[in-house]
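Next, two complexes with subunit A in common: one pairs it with subunit B, the other with subunit C.
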Partner chain A sequence: MNNYGLVLAILGAILAALLPGIGSARGVGMVGEAAGGVISEDPSKFSKLLILQLLPGTQGLYGLLTAVLELSQIGILGGDPVELSLARGLMYLIACMPIAVVGYFSAIIQARTAVTGVGIVAKKPDQNGKAITMSAMVETYAILALLVSILAMNSLK
Partner chain B sequence: MKETDYAYAVARIRVNELSLLTTSDLEQLIAAPNLQSALHFLESKGWINPEDKDDVNNVLKKQLNNTWQLLSEISPDLSALEFLIVKNDFHNIKAVLKAFVSENAFSSHTSGTASFIIPSTVSPEQIMHAVFNKSFDELPGFLKDAVTETYNVLIQTSDGQLADIMLDSYALNETMNKAEKTKNEFVIHLAELICVTANIKIALRSARTKKEKQFLEKALCRTKSLDRAALIDAASKSVEELLEFLSTTSYSEAAEQIGISYSAFEKWCDDILMSHIEKAKYKSFGIEPLIAFYIAKDAEIKNVRIILSCKHNELPPQTIRERVRKLYV
Partner chain C sequence: MAKLLMQRIEIIALLNDRKKILEHLQLLGVVEFSDVQNEAFVKVNTSSYISQYEKCINTATAAKDILNKYAPIKKSLLASLNGRREIGVGEFLDNVDKRDFFLQNCYDLISYERVINENRAAIVRTQTLMDALKIWLNLDIPMNFKGTKYTQCFIGVVPNQRTVSDILEAIARVNPKLEMIEIDIISSSKEQNCIAVVCHKSVADETNEALRQIGFVVPSESYEQIPAEKMQQYEKDIEKYKNEIEENIKKIKASADLINEVEFLIDYFSIRKEKYQALSKVGLTKNTFIIRGYIPEKYAKKCVDELESKYTVAISITTPEEDEDVPVLLENGDFVSPVEPITEMFALPAKKDIDPSAVMAFFYYLFFGLMLSDAGYGVLMVIGTAIALKKFSIEGPLRKTLKMFFYSGISTVFWGAMFGSWFGDIVPIIYKQFLHAEPPNIALWFEPITDPMKLLLFSFGLGIIHLFVGQAVSFKMTWDEGKKIDAVLDTVPTYLFVLGVAPLAAGILISVPETLSTVGKYLALIGLALIILTSGRKSKNIFARFGGGIYGLYNIASGYLSDILSYSRLLALGLATGSIAGVINLMGTMPTDPAAKAVLLVVVFLIGHPLNMAINLLGAYVHTNRLQFVEFFSKFYEGGGRAFSPLKADTKYIKIKEN
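Up next, the complex of A and B:
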């Protein structure tokens, strides 16, 4: 039965890395497409657009951070897996859910906001700070989800 | 096609929108003391090349075709934009059929191109080949029926006006068909506005020339927001009846503008389209900004043509201002 707890904990780590990773890949791709449209007409805007393209990529990093932290706690990274009860394994899985779910959706929504920002930079390059700020606002909720996941995992130590 | 598939296209359109003439540009153009100064201003804006100054009409034609080329290059689904240019195919059919019937055949594929309008969904040469060889099956379904029917009418009656109204009606119905295929509310509403304004124009002309109901039945296309049967009924009676009918519909402003002048009404027809496409200004995804850009470019070309024509005729700035259409940017 102890193995099932470990399986659930590993599943949590995988979901934490997987879902925000997919969201970020889709988001960065989407903004990249829009940025490509602007750069093909005006290559001088590359540096301003690169920041916008990077913004939806952070959720993938938060997911990775959560996964590494959890795998470290359950001893998978050290090569010495701890014994976990089914309930404890389930708690690890649930602890990963905030960043897994919020990370996925916030990456895509942030990308949509960043694409709007690409339109702003295309027309008014001097307003790129506002475009970045608006897109960065979505980041708040990914950070909050990361915080909850980390606090929940720390309480399981 | 998903809205997000248009991210690249919309971004390119946003950059290209920067090259559209602004209200202040048009104001400067209107204020130009003469035609040469106006052309010089357009040259300074990169709108025309110095060597094209003597052939402005051709430049205006090229501008719209270049816009279509851009849309063809960037749009993930060009068929969704075809409702914008399908009327040009029907215009080209008119040109080819008239040349064929009057036995004024084009001696080569290039000699008749001045009568053609591009962009079009089918190349004028293809239409020319199909008509001159009577091989209408070469044409796409929506053109085949129109060409066959109009060809027969022209051969049997030699009535050019009847052929024209039949093709105009085919063009408007096909605009609506193509728009409906997109299942996009913005596109369908835009096509509806195009058809309604065209119907009102035809109805007004018919009422003024006292055309019969039968003529109007053939000429007017189907619309949802303006009762076709009631429009035909009113237009077949008198201009006053037509205006009275229009004033009871959601297009009552058309009646007011017709009351002012025909050019005010024509301006209203263009402005109502512009008001509709303004919604696309703030969209980052979807086909709407592409459509809006094409219509904005079309309006810009129309404005430049109006201003240059007024300058050529030495009309005062105030008269020009009254005729200039609403801008997108």
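Up next, the complex of A and C:
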């Protein structure tokens, strides 16, 4: 019974890795589908489109980062789990929520922006910088969420 | 420096010198042609020439594609960075004389490929015919066999799978009187039976009618040969097609060394096309012609001198009018020019803008390094770009971009060393896991993961400096325009307010010395008052003024708040690099056996770190751009200038070397 805190904390870490991971996978897939159509016409645009495709992939990394930070903080990664009260475990779970939720949605929305970017690259390949920048705007909010998650986690140490 | 000063140029010369002067200008590559619009001048319509050159370019490009497809020259990825091939003027002129011969070679290549494609289609067609013929292979008489003296023969298919007696039964049901019929099943499948029916001539019509009623169909293809023979003939045909394809591929492969000629043609006709496009903008009279356009001031004298010494020309250089659409060309020193492509990606400076590259360069490298912040990755960047720049003759924007990564790499090494991150935490790990010693503190400043708050505040601090510099540029621009009061009132209250609020806000996160927060409080209050009093100065009405002041305060406060918070990405991306690198190293140390640990660590290191570096390079690049474009440029920069595009020999593959 007294290990529920740890369970909640691990649940948080898993959600942080899971949701943005799924979001990023969907996002990268969406952009990849759009990019595939362009590449079938003009394979030379591959490198430009690859960058666009990668953009929604970072949320998954942020989720992974949060999960690893947390798992090492609560000792799961070191092989020596700390005692966690129910309340502290819940706090860990809540601390994971910003990147878990924002990561998931921002990855998909960023992917949509990147898909329109694929259209830009298809028609005007020299304007790909603008396509990248517009898509990167969305990522700001994933970064902010990551920051809140890390700071919250850090204060729980 | 920065934005080159542009001047108008007008060249009037004799019509006879037209071609020579245009070619000379093309070689200089410093004059952008404007369209001469005046009824007094005649224009040449060069569109037929241009489309003819385009056709030649397309032919050569098609030939190049064919060569790349069938006889690719293996080049390493790095070698493809090499710039254009240099050829001397003599060789160039020789090649010009041989251009028709070259072009004929291109046509040959294209015809070889056409033969290949036709034969490929023929193979597919024949294979379809072979598939259709397969079901008739058991037939030992020709497909179009009609019968003998006393018999009639029908060859065809009936639907559904049936036996001979099934078919005879069906016929009997349709026409009970019909006799003297012999049916052979050639092949049968679920959908259809191929049959040969032989009957006495006297009942041929009835048989035909009865067969029709049970669904008998004569196949559309019919031959005079026996199917097996026909099959052999098809196989021979395919063999022949394949041989022809081989032969033509061999011919193309034998012409692999034509690639230089083909590339020459593409460039040569591109140069001609450019020239004729420029020619269409030139105005003509009976004996003279006139060129109008723009030239950067620093090249003007050389251009005028050269033309005047060789031809009979009258050239006037004038300063453009205020409202003219003057093209923009950037020129900066070695430290600043690498970020020019970044500026161009956003937008070239408009008429009233300054070139932001100069103020941006330092911050660009600084932020890039702070976001990547791993000395190991930085060293790789510096070495990689330095080798590429030294070893290969890279030109144009790619050279600038590589230099940008070179300087950013240096900055990355600096910040990585400050934070003690060399390929993540590989140094402490080696100490702990293999030397069993307490790792030394290699961070010159501190490790961000131990005190992220400190780095967060540091990032905000850098952000404030960055934004203030942007505001200062705006101050200078407004001041130079003569609006000195506006310059001061737009800048000073904001500075005071932000500087005052900063220590108060920092107090939420860390403890700030008493004096600092007291000073901050008063600064903030003074700034606040000034903003409310002055922001609405444009309106006459006292209430509107006050309203404008409040609105201005809201804009400045919310704008600066969101802008400064945006710099938290410096911390977040920096942490991401280090932490993921740490995870990679951690994976390598999973086994307990030291030998296994060492092996796994090396493997994971070699796979994981390049991946992490690539993804974080992308992140650092994208978000450094964003901080410049959104936070920094919004303070002073508008953009929207038109790029200077002079008439020049715009070649892709060859560079003409002057002797």
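Assume the second predicted complex is superposed on the first by the 156 of 157 C-alpha atoms of A that agree within 3 Å, B and C clash if a C-alpha of one lies under 4 Å from a C-alpha of the other, contacts with A are read in each partner's own complex, and residues count from 1 in each chain.
Throughout what follows, a residue touches a chain if its C-beta (ideal position, glycine included) is under 8 Å from a C-beta of that chain, and two chains touch if they have at least 3 such contacts.
Keep in mind that this is a model prediction, so the values were computed, not measured.
Annotation: superposed three-chain arrangement on subunit A; subunit B versus subunit C shows no clash, the two fitting side by side. Judged by the touch definition given at the top, the superposed model places A:Gly37 against subunit B, while subunit C stays out of reach. By the touch criterion stated above, A:Lys123 is placed in contact with subunit B alone, subunit C being left untouched.
Angle at the C-alpha centre of subunit A formed with the centres of subunit B and subunit C, after superposition on chain A: 50°, rounded to the nearest 10. Judged by the touch definition given at the top, the superposed model places A:Leu55 against subunit C, while subunit B stays out of reach. Between subunit B and subunit C, C contacts the larger number of subunit A residues. In this overlay, which is a superposition and not a single complex, subunit B and subunit C have their closest Cα atoms 7 Å apart. Contacts of subunit A with subunit B, set against its contacts with subunit C after fitting on chain A, share not one residue. Those residues of subunit C whose C-beta lies close enough to touch subunit A in the complex are 345-346, 452-453, 456, 565-566, 568-569, 571-573, 575-576, 579-580, 582-583, 586, 615, 618-619, 622-623, 625-626, 629-630.
On the subunit A side of its complex with subunit B, the touching residues are 30-31, 33-38, 40-42, 112, 115-116, 118-119, 122-123. Residues 4, 7-18, 74, 284-285 of subunit B are the ones touching subunit A in the complex.
On the side of subunit A, the complex with subunit C involves touching residues 51, 54-55, 57-58, 61-62, 64-65, 68-69, 77, 129-130, 132-133, 136-137, 139-140, 143-144, 146-147, 150-151, 154.
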